[in-house]
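Structures are listed in the sections that come next.
What follows is a pair of complexes built around chain A, which joins chain B in one and chain C in the other.
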Partner chain A sequence: MKRFSKGVAIALIIFGVLAPFIPLLIWSVARRWYFPAILPTEWSLRGWSYAFSNASRLPQALRQSFAVSTTASLLAILIGMPAGRVLGLYKFRGKTLVEFLILAPTIVPAFAVVMGIHVLFIRYGLADTLSGVIIVHLIPTLPYVTLVLAGVFANYNVDYESQARSLGANTWQVIRYVMLPAIYPGVIVAGMFAFIISWSQYLLTLMIGGGRVLTLPLLLFSFASSGDNNVTAALSIIFILPAIALLVITSRYLTGRNASLGATRGN
Partner chain B sequence: MSALQPRSRFTWERFRIPLLLAPALSVILLLFGGGLLLTLSQSFGYLPIIGKTEFSLAAWQAIFQRGEFWQSLFLTLWIGGVATLTSTILAILCALTLRKQFRGKKAITFLFQLNIPIPHIVGAIGILLLFSQSGLIARLANLAGMINDPAQFPALVNDRYAFGIIAEYVWKETCFIGTIVLATLQSVGEDYENAAASLGANRWQRFRYVTLPLIMPGVLTASILVFAFAFGAFEIPFLLGRRFPSALSVLAWRSYTDTDLALRPEAMAMSLFIALVSTGLILLYMTISRKLVRE
Partner chain C sequence: MTTVQLSSITKTYQGSDFAVRNFDLTIPSGKITALLGPSGSGKSTLLKLIAGLLTPDSGDITFDDVSVISTPAESRGAVMAFQNNLVFPWMSVGENVAFGLKMRGVPKKQRQQQAAEMLELVQLGGFNNRKPTELSGGQQQRVSLARALVTQPKVLLLDEPLSNLDAHLRDEMRTLIQGLQHKFEITTIVVTHDQEEAVILADQIALLFDGELHQLGQPSTFYQQPASRRIAEFFGGTNFIPGTLIGTDFRTIYGDFTVREPRTGVSHFTIRPERIQVAQALSANCLMATLVESTFMGTHYRHQWQVETLALVSTSVAPLTLAVGEETLLYFPSDALTCF
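And then the complex of A and B:
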């Protein structure tokens, strides 16, 4: 009885997690699927072939989404890494305030900020451009990268650096041959987090891109409100692929044994 | 030489922390802080660079006098409250189930984290295709003989009680809170519970007086994050909500994009109101997690 109820609970969890994906998968390959049919009466790959044709504007959306999300996450890592190191390794006066400032953009909705900025972006020619969109995507991504990297650095053993220094390494060599090899799994995880956050942005892109910048969520939104379930479902599945890749890769890194990180994780 | 070296190191040390913090902090202060200030000043109708030099409280007075604002605020609190409470309870139940030993545990724990990185928009579309009146659940209800016609199925998306919106949050945030609780449970182990059991505590007592206090800090902080997110989120109520009353973020957005430009200061005031509530929640979050570290 006890085993049985545990089995039911686990089955319910699996079903609950997967439930919204079921109609998405079916709709992406359905042709005719009217109420009350449980399964489509006619199947077709129209949703997929339309999605991949130029008519759906998916190629453009994929290009722009990749350009924005890759650039925004690389910038976020570059800008956030020094701060992550400080927050992970040191105690200092005013740390609480710094943490508050970095935490704030992860919780305060970014549209409240971007509504104010918009006017300036229009004035300085950043509105309706890819670079404008990339800049505002730093608002949600940079804090996450900094916080994830702070966690990574909290498990990083700085003593290796002083050993390298005592052997005559300069700052750049220490970064290149000691710090980066030790933290790179964490950096990849942080970068992928940033990528997904940027990849999922809808409102910020709409506001600053002004319809000129077309990313995947904007395309998905327009198909979702047009009611074309086949194409919407196909686009949704394409849209979540990076998230699934993130999960597969992070779960490997998180369980993988890395010498410099693993050495300090035990305590 | 030996007298000089500590001194030069000392000055480097002194500036190292501010220097390393500078890139991230200046971007955040400039974009985020500056952006908030610009929203604030525009909510007062004041922005000299576009020639608006008059300062007025009209927008703030207007939103607080608008019945729709209060209805939207109430709806937003309802959505955030119900979604947070439901996902917290479900998350604890899920974590208590998943901590046990069973076949395929690794795969199912992996699956449980699956929808954390999935964008909310996709979750919202999935919920729409599941719960709409011609959705998969209505079809199953028809198969079971409970309804004959889509119209007989209760409206669960774009509905009065915001069921669809809440369902999407619960679907996603249960996994978020649950993963945090599961991590706590697995790092603590079962020793305390076993000790309580050997002292004669029954299942409920073990949960109430041993397990719950252990997971409470994680549960509390995660719930605050979920509530804050639900309070300010835009995409889900935009796709799954009714037009009137709409969530606060949607109302702010509609005022912002209204052809009547006079509504813009009101949009700014409403967005800032959401930002203020979120800021209060961050302070609460930080206080609780700080206490947690100290204990």
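And then the complex of A and C:
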């Protein structure tokens, strides 16, 4: 009975993950698909050929999306690791307040934040630049990275570091040979979260990038708002692929409950 | 060969009882010294202070008369092996043992060879490529020991090295530690809360209560001449007889006893259970006692006696020819009596 219900659960999860892709796949190769037809009445590869043509600016969008998301996730890990370490390992006065403040960007609408920040970015010449977009992507990614790493550090035995120091390791060697190897599965998970969050940012990129920085979501939205379902569907599939690939690559670092959490993020 | 000296070391923690105040201790070169005490006695604090993992509030620590107080842990040459082994699970056994050498920039080939030799010495030859998770607790403990020894430390610091082992492995590990310590002549400091562990391992024991040194000496003195009732109790003493000492004559309400030497300010004497004998004939230092219970303990018999309101415990290798409830004369040899 238990095995049966487990099988059903897995089947449901797979269906839940795959089902939204079916209409997307059909749309990307449909020419005429009107109600009440269940399947398109005419088929065409126009969506795909347009997506891969020079006119679509897909290569530029892919390149900039990768540049922004990779750099933003690395920066988020770099900044979030010390913060997560302090939150995970130490008790201090006002810890709950600090945790709340770190979480705040996930609750406050990005639009409200970015309106204020935009002025500053213009003043410092960061508006309309790739660096500016990367920095603004830290707003939604840092809270997740910090909290994931805080959880990782909460289960980390710091005595390993004392042991390494006693054996002759200096501070950098302790970080390089003890801390990083001990926590790297958690770092990978945090990095994956950051990448996927950054990968799907639309509003922040639009506001700070000012249209100069073209990431995949921006390209996708421009086609979606123009009502071209074929190209939109093709681009959506291209948009989703890196997230799925990342999930598959990092899935062995995710366990149990976390794995399903990662899956819903991937969509 | 390094003599370690602690001079008026003070280390306190905010909002905690764990503290060491004005602590002085000399740890002789090339010997095993045990820092023994119940939890909260400050022994682990002292070990971390010597290792350089903690900094004292005041006082000085010297290795061969050279202050090491400002030397960081990684270059102090005092290597600590933690209680729960802390073998790095993300490295192979060989990499674990070679860790300290790698940190010192020893070339790969050389450090692998040294690690293999050291593993041989702890009877784990050929375990280089094993994962730590494949090892038993005792094997991990030996990896931890090899990892510390391979760096040729001036001072070896062991935190409860036998406490997680069962009786059989305990004996094996003790022999191993003593053998290696003797071979390398490393000044070794062992921290333990277990008096048996201290007694079987150490050449010298420093007994700590509440961050203070209460008695320092060879293991046998803690049995033969405990300095206080608390120390005697810590070492399993149960017989405490109240009275007053006049000269070498200890007067109690049960009778008078002759002790070795006159001392002042004493109110009790004690005797180890194994030193109480059934008297052959009435003589000095004798007491009439009733047998309450006699229990076979495997290697010896343990007898409980009652003298009026006083309970006494004695042990003997052979069973008594006495039934429970019968009375007999017990003899207390004067060289076995300690007053405090």
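Heads up, the rule we're going with is that the second predicted complex is superposed on the first by the 231 of 267 C-alpha atoms of A that agree within 3 Å, B and C clash if a C-alpha of one lies under 4 Å from a C-alpha of the other, contacts with A are read in each partner's own complex, and residues count from 1 in each chain.
Following the convention adopted for this analysis, contacts are C-beta pairs under 8 Å (C-beta built on N, C-alpha and C of every residue); 3 or more make two chains touch, one makes a residue touch a chain.
Treat the numbers as computed from the prediction; the structure is a model and nothing was measured.
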Quiz item: In the superposed arrangement, which partner chain does A:Val17 touch: chain B (first), chain C (second), both, or neither?
Solution: first
Quiz item: Where does A:Ile117 make contact in the superposed view: on chain B (first), on chain C (second), on both, or on neither?
Solution: first
Exercise. Check whether A:Pro59 is in contact with chain B, with chain C, with both or with neither, and answer first, second, both or neither.
Key: neither
Practice problem: May I ask you to decide whether A:Gly125 touches chain B, chain C, both, or neither, giving the answer as first, second, both or neither? | Solution: neither
Practice problem: Could you tell me if A:Val136 is touching chain B, chain C, both of them or neither one (first, second, both, neither)? | Solution: first
Exercise. Quick one: classify A:Val108 as touching chain B (first), chain C (second), both or neither.
Key: first
Self-check item: Greater chain A contact set [chain C / chain B]
Solution: B
Quiz prompt | chain A-touching residues of chain B, taken from the complex the two chains share | solution = 17, 19-25, 27-29, 31-42, 47, 49-50, 93-94, 97-98, 100, 102, 108, 110-123, 125-130, 134-136, 138-140, 142-143, 150, 171, 174-175, 225, 228-229, 232-235, 239, 249, 252-253, 256, 267-268, 271-272, 274-275, 278-279, 281-283, 285-286, 290
Exercise. Spell out the part of chain A that touches chain C in their complex, as residue ranges.
Key: 157, 159-160, 162-170, 173, 177-178, 181-182
Quiz item: In the complex of these two chains, what residues of chain C are touching chain A?
Solution: 48, 51-53, 72-75, 78-80, 82, 84, 86, 88, 90-91, 99-100, 102-104, 147-148, 151, 157
Practice problem: Would you mind writing out the residues of chain A in touch with chain B in their complex? | Solution: 6-7, 9-10, 13-14, 16-24, 27, 34-38, 78-80, 82-86, 90, 92, 96, 98-105, 107-109, 111-117, 119-120, 123, 135-136, 138-139, 142-143, 146, 196, 199-200, 202-203, 217, 220-221, 224-225, 229, 232-233, 236, 239-240, 243-244, 246-247, 251
